[in-house]
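Following this line, the structures themselves.
Each of the two complexes below includes chain A, the first together with chain B, the second together with chain C.
Here is the complex of A and B:
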């Protein structure tokens, strides 16, 4: 079978719009995931038994089930939940993008929570005591002293997880969303150009992820050198 | 629960492939010279930097088109469950192999270089040195990360539903579409995944305990 380059050229604008959605999911997933994940990490370290147990249960649950299953859960439950909250009594139609954003924040938060928690554990206990001795409130201690150090210590792992997230966005295919892979699939099926389309997206994912992982490797070297 | 059977057999089959290929590639990457370390690096970077789902499509849609027509047709005409099971098995096996290869490499490189020098001083050939000296120690060091990988492979089997394998998650989706019992269908499957994760962890934890050596206790402990 011949590979037809013109098929790829004519599909480029549509593929780029798909790539744009992939980037959007990644940005929302990373921002929301780190914010919610950090809250979960703090909750797991809380002295309040109930709070820490709930946070631990949430993280372990999310980490034990596949992302696709979570996408389905949110896809079927969010319309129903909104219907229940607005008391309209029946499910409300929700766009695929909202479903996807919610899913990625909920799911990735569990993974980011574990990374941030490892960051908190890498800070020497003296830092915690010093904050207390200085009379900082818990909130201020976390925001100004502990969180910045924790993030710095785990920055490479955090970025690696973000590369994984970028790859995971391709799974939104299962609810027919138009991300990079979704766009390629739609053109592939319309024009019967499976080979060209899937090879093209494969190359795009590879270039982005390889460049990003090389950057992380470099950063890791520099951080290790700067630390001590 | 037919889907559970497919999930388990896909995961365990792929795990076997991944361990074998992953160990070979991991060893290749630690060899001192030649083309093998470079090939190993190309393998790892390729399989790690392309999403699993795209790789799944590659094995299922693209490969039969690129092969000679007769072979391609033969692949496409495989009976329903096997037509998607075999590509999924190869795909997941080779994908996980790349991740295991990196861990094996890290494990071997974590050993003191005296191990390798002592082995060659004692007259071990390269094959025996890896088989008898380096790998047994390296595997003990990387067991905790292997545990993680073993639990991940069960979750990754769900990606096979995109090429038509009716595994656990696909079963839930079918039940939901036929009966509209969303909660029950997805609830049961979620619990099954939880149980699988717990069992997988238990098994690996037992192996970790059994394989632990006193001298390496620090490295063999849980993170």
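Here is the complex of A and C:
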């Protein structure tokens, strides 16, 4: 078996454009996931039964079905749902990119919600009392006091989840999107260079994820309060 | 200043407060003491609404607190509280700990809040530490920051819930000194504490609690020299033995 390095070189620009889309999905998934996930976490901790039950149900649903299925759902069902809601009766094209961004935010939010919730639970009850005693509103207490501590307490887990998210983006190949793996697949099939392409993307995934996990490991040591 | 009228509270079938009544005048320093589990901490926390009450009512400087009253924002602005475990915000600097409620609750400008914070931190002897984080301070220093943080909102009443119980013995006095200074300046103070020396020399009156009841209320000197109730005698005999 021969490995043709020139095949890799000529494929590099296309692979990089795929990697760029992978990074975009990750950034949107992380940002949207943490924002929506934090709201879900606060909702789950709410004393309002209806609010906490709805948030809990959402989180449990998303965590109990495979990501690949959610991608299918959003890609194939949402166009029909929009068509039905607008009463045109025809499916409305949503586009692969938008589908993917929405899916990852909805799906990852469930995981981030659980992590952020653990962060809130790790804060001593006395901190909540201190916020109350100072007359801080719930909103101010969460934004300035509780959320920063919660995130800090679970930052290593949040980043680890983000590494998993980065790898999970490869699932978008099922709707033929051109992420890193999608780009590699297309070239591999066009040029018959399966070995070169799949080895190359394997190395890229490994380098990015391993470097990120080493960073997380370092961060853990530096995060303890007072250790600065 | 503070009127506590027939306040009762239960956790399930366990009654923590049984028909407690007390009256505290402006400028008075009152110490609440009693064996552990007697309801002292619960009682002090009802005064700023951290603990709800099942019956009775509490008046604090014109604010009426009753079981059905849920909006206590105005009350908390006029009552400062210091906790046993300090509860400083660990992710903020000492200065930010003292400014945050000023800017968010009282809507003071950042400059005004910092000026106030600096002067309060100077008053509790911590000017050199304003840029540090709480974890870099000793327990006594942290508790003094917590006192400054509570004072920053210009409270009319200060509540202290066992402020020295979590401290190493050599740090107790620096906190008691700050509290004594505060008392001398005329602050209305309610302190749950086991520091009987502080109670005797600084407090005007002592409330003795046992089993959820206020068993005895007396002038501080009278309470220590001649307790009236048997339960207070037994308590004092235990803690003053050594």
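The rule is simple: the second predicted complex is superposed on the first by the 221 of 228 C-alpha atoms of A that agree within 3 Å, B and C clash if a C-alpha of one lies under 4 Å from a C-alpha of the other, contacts with A are read in each partner's own complex, and residues count from 1 in each chain.
The definition used in the following text is that a contact is a pair of C-beta atoms (placed from the backbone, for glycine too) under 8 Å apart; a residue touches a chain by one contact, two chains touch by 3 or more.
Predicted model only: the values in this text are computed from it and were never measured.
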item: Most chain A residues touched (candidates chain B, chain C); value: B
item: Contacts of A:73 with chain B and chain C, given as first, second, both or neither; value: first
item: Contacts of A:202 with chain B and chain C, given as first, second, both or neither; value: first
item: Touching partner for A:210 - first (chain B), second (chain C), both, neither; value: first
item: Partner chain(s) touched by A:136 [first = chain B, second = chain C, both, neither]; value: second
item: Touching partner for A:92 - first (chain B), second (chain C), both, neither; value: neither
item: Those residues of chain A which chain B touches in one complex and chain C touches in the other; value: none
item: Chain A residues touching chain C - in the complex, by the definition given at the top; value: 124, 126-127, 129-130, 132-137, 140, 144-145, 148-149, 152, 225-226, 228
item: Footprint of chain A on chain C - complex, ascending; value: 48-50, 73, 76-77, 79-81, 83, 85, 87-91, 100-101, 104-105, 133-136, 149-150, 153
item: Contacting residues of chain B [partner chain A, same complex]; value: 45-46, 48-55, 57-58, 61-62, 65-66, 151, 155-159, 161-162, 169, 172-173, 176, 182, 186, 189-190, 193-194, 196-198
item: Residues of chain A defined as touching chain B within the complex; value: 1, 61, 63-69, 72-73, 76-77, 80, 167-168, 170-171, 173-174, 181, 188, 194-195, 198-199, 201-202, 205-206, 209-210, 213
